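The same chain A turns up in both complexes below, where it pairs with chain B and then with chain C.
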Partner chain A sequence: MTDNSLTSELGALGYDAALESASLARLQPSYGLFIDGQFTEPSRHQQFTSINPATEETIATVAMASSSDVDVAVASARRAYNKVWSKTSGAERAKYLYRIARLIQERSRELAVVETLDNGKPIRETRDIDVPLAAAYFFYYAGWADKLEYAGYGPNPQPVGVAGQIIPWNFPLLMAAWKLAPALAAGNTCVLKPAETTPLSALILAEILQQAGLPEGVVNIVTGDGTTGAALVDHPGVDKIAFTGSTEVGRLIQERVAPTSKRLTLELGGKGANIVFDDAPIDEVIEGIIDGIFYNQGHVCCAGSRLLVQESVADEVLRRLLRRVDQLRVGNPMDKNTDVGAINSAAQLERIRELSNWGEQEGATRYTSSCDLPAKGYWFAPTVFANVAQSHRIAREEIFGPVLSVLTFRTPEEAIAKANNSKYGLACGVWSEKGSRTLWVAQRLRAGVIWANTYNKFDPTSPFGGVRESGFGREGGRHGLEAYLDV
Partner chain B sequence: MSERLDVKKTYKLVVNGAFPRSESGRSYEVMTADGKFLANVAQASRKDLREAVVAARSAQVKWWNATAYNRGQVMYRWAEMAEGRRAELVEHVQLAEGVKKSEAQRSVARAIDRIVWYAGWTDKATQVLGGANPVAGPFFNFSLPIPSGVIGVIAPQESSLEGFVEAVAAPICVGNAVVALASERRPTPAVVLAEMTATADFPGGVLNVLTGCTSELAPHLATHEDVDGLDVSGGAELGDELALLAAGSIKRVYRPRVNDVGNSLRRLRTFVETSTVWHTIGQ
Partner chain C sequence: MLVPAVISVPAIHNEDELRRFVRSFSGVDAVGVESRVAKLGTRSLKKSTKMSAIDMAISMVDLTTLEGSDTEGRVTSLCTKARRPDPSDLAVPSVAAVCVYPDLVAHARHVLGDATVAVASVATAFPSGRASRNVKLLDVADAVGAGAHEVDMVIDRGAFLAGRWGQVFDEIVAVKAACGGAHLKVILETGELVTYDNVKRASWIAMLAGADFIKTSTGKVGVNATLPVALVMLEAARDFAEQTGQMVGVKVAGGIRTTKDALKYLVVVNETVGASWLTPEYFRFGASSLLNDLLMQRRKQRTGAYVRPDEFSGD
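Our next item is the complex of A and B:
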């Protein structure tokens, strides 16, 4: 991308590219399944490639786990549960988790590079958010392992057993940490299924588990596609399923699990409302809106994808927002100056295009960043739709991309009504200088997470999860333990 | 002079604080445990169920907007009303379950005590299930349990009063509204107890009780898009099917487990959502 194309004054100043070195990734050409503490060949010798979505180049080949591989992985997890992990004291489990946290920190730059290459998200985000937070989740839950009786679930809470965990492609390493850390702290063993398009950081994590000396079989990692996930969901040897992904797939999983005694937690889609009142500090608001929807290319289930602006400031907010959108640096994710990276896959790009086209067809006003997009790879310019009606598809459906829908409101009551007018209920933002109003709004929003004068903040101590069709169960905090305890 | 003839009661539905017959005009015969005619009870239809859900949705907002202290007072008053009509409840439990009078008395006593127990949770669940979270940043971050919304309850079939109380009082005490299907063959204790909510200052519609055919009504409750959670305790062999139907709208589903003993809060936890607020700290 050439800086001349940027229309803003700031953009015109330009930056030289500040590229992170891809060689830091130290990737191997191919990876097997991580079962019983070893990398093993899949039974059918099937493999698939993981590509860099910013370049469409293959970066590694990974094994495709069949149902018989899942079988072996579950048997390994069961054996480890019965023979080792259920007999390992909480204090000892804690020390394994602390080790893992430290090893993630030690290999943080490598993990950040792998994640950016595999996912397409900017190196600034993987370096400053994904990887440090992954370590933080292991640190936090490590301390719970020997304190479970204080967690509020009775005097002697027991683990569930073998947990099957299926994670998405938007935060591959972080989601692995969200799943594994509480499960292991609570005393479960795990079979983790990374997303098809982003399996690599989980396999580096497997190396870290080896370095930590985690007993064999306590964590097994089976790479593959939806059929691998389905085999895990249906496996009779699994006691608990934890899934993060789309509401469509979550619904199928809930149906599959319904006639069984398996426990289930679901962290699904969202259509977060970001509510801006007229007294909010506008500079912070603009940055908050940007963080809310363009962070991680909008591949965030809790993204603030519906902006609700009070009518009296709507023109001013939109004008300044569009100017800021034009300044976003879109391009090579390995460039430390990049704000918005590549769309994760061709399929996701197609979905974003389709829904954006619907936005135009249904009569919303489209603004697209004037940034240049690289010739190769999957890219979508940051996009804002104004004059959006609640009935428009772009106001109702999760786009999971850098596309913002702007609606307006007059009164706080109207803001609440519009924010809650969704089958989802994952996250919302509220922007106002008036604390009493913020809390009044927060009390009435049907959402699992509410950010007041901030957006897209995550912390291991803070429970995260949805209401309604955004799923059930919490990850993070004391509440996150409940998903992995027999209580 | 002949013996006085009893004034028999017609058993109707409890919907939105009123006592309607089924809009379908249907009723069904309910027998005592020893096989004698007890009453013609209203047989609710799908339309009755939908109206009950509408009533519950609107009542839930009022119920949750009341203070926790007030919700506790109202639930405690429900126990007071039940205490005053213990003899009637005992008679119904005895007839419905076929137990000895002494056992029916103990069962009613336990049921009332359980309402008192749940009344006390109204202003404690927030503290016990919520908390402050020490996030690494300049934020005051706290988590609160908020009600899931409207909960469908398929009340236990055998335990006509105690089972019913357990299933409805848990979701109600944390701010939900309930649409309950009473035990199909033993419905009258639940109806009598639910009638008492009218004199306990509940907003109409917080507890709605339908009588009728479980296998006819329960699937509609499970698939209703405006029902947020489902307790399938009384679903028996329908349980798997109901849990599957509930997945269509990602409902929270409570199914009994062997380790749900004593004062387990699992039912209560199933029907609350942890809502976490991040509030900036700054000058």
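Our next item is the complex of A and C:
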């Protein structure tokens, strides 16, 4: 029920389709497991399909790893650790990482297309963000590989051994890079389990690891569902588990890892507060709110899904925000001009719908973009809820979709109290032209990441991670090494 | 101070009121503006969109020659080209205006006759603006008297940077009065204002004082039109229109030489202020060499092949 009088004249210069070519993906019809440097058939010959969420078409068939496949993968990683990788100097390890980074750059277009087809996110984002950032993380950690003694963890920090790494579907390639790059730089070997709905870019990465000549078994990739992940978590041969995903699954993992000697880092959900003060630069605030919640269809753990706006400018911010939301280009992710792509899966779409319906039931005011949605595929129009109360489900639970909840505050104290009144603590944004206030507020927010006058910006040099139910441990920066060193 | 007629913006009677009003707006975040235009810069215009955008850009060109060495012959050539940019293809629209120094206005009017192409003249001691108010007003009167439809004035950047905003305001009001029926474009010379906050404030001062257009640059300093500056000015024009009901145009000038650049500006207009500004009445490119690149790209769109640059006339 968007007020169309605000939005009538934007985007009059309609854009013809500017489609990236799907054939660039060069996808094979089916993929095996990547174990001991080779693509292998799974022991039980079970397979599952990966679909394009924008069209619901099957794009490849992928092996389902059983617990015995995980056994083989972990054994391969252990062998590679004992015989090769733990004896490879930091400078040598760096060479491999640099090589991987350069190969990601060389195959960037292919990777971007694969990621968009498999995940449903716009090609503009995979091309300009996911893939370049993935390369950047490998470049960054390559630099650390021979400098670990200067990382602040003692004179000769040692790797932990075999790392089991489970990654989510929202940034498949980038999360693989976040996990693999620091682990390898620190001298560990890895068994990586990509998300069930988005396994393909990790398998292209496996080809890149082969191209880079990475010794066999240093990285193993086992595709599958939750049972594959559980087998990896429970495996006695794994020294460390790194998990990125939902708080629900993170809690299960922590329970299962607790009685073992495994190390654990968890990067879980969030309900990020994006706090807008009345002196903030308003046009850039609007873009920041948009980037905070509609980037990657809102499938971002650190998304700024709660907008806290100072009451004195709330109407003005909301008016401009709705005008801008209506103008987001939603549709075919392969179109270079698309801003918001497809929801990753039917299950996720259902969850977004359910929570949005709760928003209406609990009395929030719903505004939905007037954009047209494609007939096939999983789609959800960008949505803003105004008049949201702190007690509403849409203010407390992670929706993980393009849905923003707008709340107001009057004083900085109230903003902080509301922002911190969440079980999560991953990320917050603070918007103000007054530096002293930004710092004062930032000191009092309980979150791992705080952005000032920007949102959803990532950089390999900067640590990322949460507090409370958003998890523990840091990825990125010097801090990211700690998770993979015996310190 | 002179008070121009505006609706629902507080009447401004003195410099204090002007300062208070203009300072009441939020600042501009440089990182945010630059990343916004960088993102818009990745828009991909294809096929019919590209063709119509190229035609739109051609129709928005103020074909400009502002050299000490300008001659009547050169202006004749420019006017001929302005009317019919590509003689081999009559579907190509005329440009919006030719822009010349005041002494060549009468000649341009004569050459253009009853063509739809307007004659614009720079004035007010262009490009530096370093002259007394009387001299500036005489300069304007001269141009208007010679038949200029549009006057491109420069603001007093020295006064603006020194905080004498009332002086800047008054001068624009006075020039506007001297323009009579001619359209007034106010050049902010954003390359000398340096910060986006200054650009936003100067835009508001110019619009409050009665500008029909706000324009980025003279083309005579090191930094001319940039996309982020254009965005800040467009947003100011949009906000001004929302508050007053009056639409003010935006002209970007200097350094825009390629079709690719021009289309980026059109995308920024399209996605930030919208269709109302996507006409020559409210958006212009001050340029000279841009036109030939637009013609070349247009031909490429139509025939699928590039032609030699010399297919199109130099002036």
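We adopt the following convention: the second predicted complex is superposed on the first by the 479 of 487 C-alpha atoms of A that agree within 3 Å, B and C clash if a C-alpha of one lies under 4 Å from a C-alpha of the other, contacts with A are read in each partner's own complex, and residues count from 1 in each chain.
Everything below uses one rule, namely that a contact is a pair of C-beta atoms (placed from the backbone, for glycine too) under 8 Å apart; a residue touches a chain by one contact, two chains touch by 3 or more.
In this text, all values refer to a predicted model and were calculated from it rather than measured experimentally.
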Which of chain B and chain C A:D372 touches, first, second, both or neither: neither
Partner chain in contact with A:E362 - chain B first, chain C second, else both or neither: neither
First, second, both or neither for A:E482, with chain B first and chain C second: first
Partner chain(s) touched by A:E207 [first = chain B, second = chain C, both, neither]: neither
Chain B versus chain C as contact partner of A:L268, first or second or both or neither: first
Touching partner for A:G471 - first (chain B), second (chain C), both, neither: first
Contacts of A:E397 with chain B and chain C, given as first, second, both or neither: neither
Touching partner for A:T454 - first (chain B), second (chain C), both, neither: both
First, second, both or neither for A:D146, with chain B first and chain C second: neither
Chain B/chain C common contact set on chain A: 453-454
Interfacial residue positions of chain C with respect to chain A in the complex: 26-29, 31-33, 35-36, 42-50, 52-53, 56, 235, 266-267, 270-271, 273-276, 278
Residue ranges of chain A in contact with chain C within the complex: 9-18, 124, 128, 279-284, 287-288, 327, 336-337, 433, 453-454
Chain B partner contacts - residues on chain A that touch it in the complex: 136, 152, 247, 250-251, 254-255, 258-259, 266, 268, 423, 425, 435, 438-439, 442, 445-454, 457, 459, 461-465, 467-472, 474, 477-479, 482, 486-487
Chain A contact footprint on chain B (complex, rising order): 128-129, 131, 133-137, 139, 141, 143, 146, 148-149, 228, 240, 243-244, 246-250, 252-253, 259, 264, 266, 269, 273-280
